[in-house]
Structure formats: C-alpha cells, structure tokens
Amino acid sequence: MQPAAPAPRAFETRIRVIYGDTDQMGVVYYANYLRYFEAGRTEFFRSCGGTYLEMEKTGFGLPVIEAHCEYKVSAKFDDVVVVRTWVDEIRRASLLFRYAARREGDGTLLAIGHTWHACVAAGGKPARLPPAVVRLLTGESSPRS
Amino acid sequence: MQPAAPAPRAFETRIRVIYGDTDQMGVVYYANYLRYFEAGRTEFFRSCGGTYLEMEKTGFGLPVIEAHCEYKVSAKFDDVVVVRTWVDEIRRASLLFRYAARREGDGTLLAIGHTWHACVAAGGKPARLPPAVVRLLTGESSPRS
Amino acid sequence: MQPAAPAPRAFETRIRVIYGDTDQMGVVYYANYLRYFEAGRTEFFRSCGGTYLEMEKTGFGLPVIEAHCEYKVSAKFDDVVVVRTWVDEIRRASLLFRYAARREGDGTLLAIGHTWHACVAAGGKPARLPPAVVRLLTGESSPRS
Amino acid sequence: MQPAAPAPRAFETRIRVIYGDTDQMGVVYYANYLRYFEAGRTEFFRSCGGTYLEMEKTGFGLPVIEAHCEYKVSAKFDDVVVVRTWVDEIRRASLLFRYAARREGDGTLLAIGHTWHACVAAGGKPARLPPAVVRLLTGESSPRS
C-alpha cells in the first residue's frame, strides 16, 4: 500500500503595508503584489529549512518566466498582508509557485497569483531542477529508492 | 459594403532602465515590468488625444483587476525598453490592454503581458465604460449612427 | 528635586531584504533606505501606543520636508536590516526623526539618516503639532502642570 | 593670463510621473526623488559624451555615500519633472552631484538635493577618480599641461 500523499506545504508571510507601497488611489500599487509574492516565496524557502541564497550559492537560479495576479480587494496603508505561498507543480526544469494574499484580521482575500520559474545554471543556461532543491521544497527529506 | 475595420491603434513608449529598476541578477526586477506597462498605457491615452488624468477628473477610474507578464529576455541597466501598448478588447464595464516590450536597437522581445481593468465610478462602484472613453481609446471620433 | 529625564524612546524594526530591494551591484539600492526609514517611523508610532493612521484620521499629516542618509556598509539580499528610530527634536510645527540601520547578527552599522517633517492640517496648511501627538511620541502621558 | 573658467555643465532630464511613483497623499513618494536624481546623473553622463555603463566596464564604480533631498512642492501624477543635474565638486576619490527638480510648464521648484559618491575600483576598494572620468564630467577634453 502506498503511504498517503503528504499535505502540500504552505507558508504564511506577514507584510506591513507602508506609504511607499500605496499610490494616489489610496491602495497598494498593483506591481507591489509581485514584491509581496517574492517575500512570500523567499520565506517559503526558509520555512522548508533552506534559503534561496544558499541555493544560489550552489550555482542555480530560479528566474521568473511568468507572473500573474488577480486583484480582488485593495490593501491599504498599515494593513498587514498575509501571503500564503505553496509549490503547486514541479517539472523537470521549472516550477510553479502559487500565492493567496489576505488581510490580517478579517481574512479578506486581497489577491491571488502565481509565478512560473525556470531553473538555470551558471551562465543562465536552462538546467534540470537539482534534486536537493526538489526535496527541500516538497519536504521529501530522503531520496526515493 | 462595410468599411474596412480601422487598424488597431498602438503606441510605443520609450523607458530608460535605471539602476533602481535592476536587481542583483543584473537585470530588471520582474515587478518593474508592471511599472513599464503602466507608463505604456498612460502614454497610450495621451497618444489618443486625452489623458488618464482627465478621465479621472470626470469621476471614473480603471483599476487593474488582472495583470500578467511573460518574461522572454532580460532587460539590463541603460537599455531603452520600448513598450508597445494597445487595447485588445472592450466590454461593457472592463477593458483589456496588451503590451509588448522590446529592447531598442536590436528589437529583441523582452516581455509580453496584459492588464484587465474594471471601470469604476466615484466610490469604487462598478460602472459602464463611458462612451467618451471608448471613443477616445478606439479612435472612433463620432458615435455610430 | 526634578525627576530624572526619561531616556529617549527608540524602537527597532526588522526588515528582510528582498531581491526587489537590491540593484545590479548586488546591494540594497540607495533610495530603498528611505523606505526602510518610513517603516521604522511607522513602527515607532505603533510602539508609542498610537498609529500614524490614527493621527491622519484626526486631520493632521507629517510630510517629509528633508531627508538625509549616509551609507556606511551595503546591505545585501536576505540580510535583516534593523532600523532603530527615535525623535530627536520637536519644534512648534515640525519634528526630526533619526535612524540607524544595522545588520542583524553582527550588528554592522549600514546607514544613518534623518527626516524632518512639517505638521500640516487638512488642505496641507502648516499647523502646530497637536499636543496629543507630542505626548504620544515623547511618552509624556499626562500634560505638565 | 588664465583662461576664464568654463561655465559648469548641467543637463536637464524629463521624467513623467506614473501612478507607481505616487503615494496615498496623491503626491510623489519621497524616496522616488532619489530615483529621479539617479536618472538625472545617468543622463548627465550621457550628455557629456560617455555613459555610466562604459565607466563601469573600465572597472570603476561611483556608489552613493550620502544622499540628501529637500522637498519644496509636491509633484503629482502625470506631471513632468525636469531634473537639472551638475557636478559641484570633485575631490581626489569622491565627487558631488547636485540636483534641482522643477515641474515642467510652470517651472515650480519641487525639490533640491545632492549625492556624494566615492570612487571604487574592482572589489569595492576606494580608488582615485580616473582622469578620464574627471575630464568627461568636467568637459576638459585634454589634460592640463
């Protein structure tokens, strides 16, 4: 019998909205959600027991090749935005992060989005995702036999 | 016989990449393309003979409800990014801008993307796109009979 | 005998450096320290028992009229920057915040700076600092007799 | 007899304010003036016949060691900010840029500021300003005899 699939990992990162994040409509400027998503995935890495920085030091990078965001309700100055981040798909040489941003307190859904990342080796060449990174992000601490 | 459909309007905006747009990979940070797209659509409005600011003064806004970007080749410091912008679809209460960003000089395609905008009236309520805005953006200077 | 003057209040805010804060030199872009300083003073307000947002709702604002930063050592991606913030001077209609940013862990001094703020009432007119704001920021919870 | 000192070079760069530059007060966020100053000095280099990029390729950099800005009148969305930039002082291993930002049209002074830059060689070590850079920025096309 197969063991049950582990529940997908997710991690929540809190970000306090500053003046510099808002625009003249009095809400968070749309591009800044991609900054929040970046904070979310960096903290996701850390929550898995590694860091993005360490992965880079092994010679690999995960540049964004596609970003997408749907805006539901506007976040405002001094709100705390909670970004829930998880890995939704892992392919040979790319992976998909998904994000859901909620307002702390009432839990209002502010935005959802995703980013696709290519794996590149030194020099920017496409590369297979290192098994150590896959294990880190999926929580499979030992290689399959 | 129907008159031929007019060619869709498009407008090209030039943006010089500054240090502040780049990140430690030595390329433009992914969120900044959404800033470039905003510059593109603001200049698109102006090229149509109006401004986004004037539209706002009539009490309407076009907040972004969805943003999407696909990254092809990285732009670098001191590059000039040329953002081609056009309206691809107009619905009753929303519209779709599309963007193609190229590097000036060699014309390399850097990124493509789109933004969906809802039309809102004062107070943020959804509203029908004002006919004057539709005419402005589509270049139809007189109402159809 | 006079009671000893209370030690000046200061508050420390932690900020994790993201990719979007860095530039192609691999360090935090110089303008972003002003963002960190803003985070520092917003959290300073909160540490005093109020919020900048609440003050604004009473009709007052504290726009920056002068900003200054001296850069000592570069912060890098994934560093935690600790911004120590305090009020250094309060005049009739303006006040001075000072900041010292250090790297968490080794305590390296990254940057020091200050911002002068004018007090303005509704409509942007210069105004005397509200006594409640002075008390909040200085920690004098009751008026002097 | 000494020849008259040449008038100091200055260069004016135009920047259109986008939504993403503003904050919820409806004005340009204070940190963004440092971005405008950077655009000003990069274009100043170009106006001298070289580029900052070319200087970097010779192995030198000019990191900011001090930035200062005084805010006079707020710039708003869709304003064109004209940044006048000039070199005010050149020392052995550092130099001073000054900036004056005005609103296009009525010429209103928005902000003034300066940035001090250290000269560094590869690896970030302090270095004497290369004579070629001094000549480029001062417009002295041949060395003094």
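Letters A, B, C and D mark the chains in the order given here, with residues in each chain numbered from 1 onward.
As a convention for this text, a contact is a pair of C-beta atoms (placed from the backbone, for glycine too) under 8 Å apart; a residue touches a chain by one contact, two chains touch by 3 or more.
Just so it is clear, the structure is predicted and the values come from calculations on it, not from any experiment.
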| task | Walk from subunit A over to subunit C along touching chains and report the minimum step count. | result | 1
| Going by the average position of its CA atoms, which chain sits the greatest distance from subunit A? | D
| field | Between subunit A and subunit B, centroid-to-centroid distance (C-alpha), Å | value | 27
| note | Taking each chain's centre as the mean of its CA atoms, subunit A sits from subunit D at a distance in Å of 36
| remark: Going by residue number, subunit B touches two or more other chains at 19-20, 25, 31, 34-35, 38, 77
| message | Can you tell me which positions in subunit A touch subunit B when the two form their complex? | response | 25, 30-32, 34-35, 38, 61, 63-71, 74, 115
| field | Residues on subunit C engaged by subunit B in the complex (per definition of touch) | value | 19-20, 22-27, 29, 31, 76-77
| Can you list the residues on subunit A that touch subunit C in the complex? | 16, 18-20, 34-35, 38-39, 42-43, 51-53, 77-78
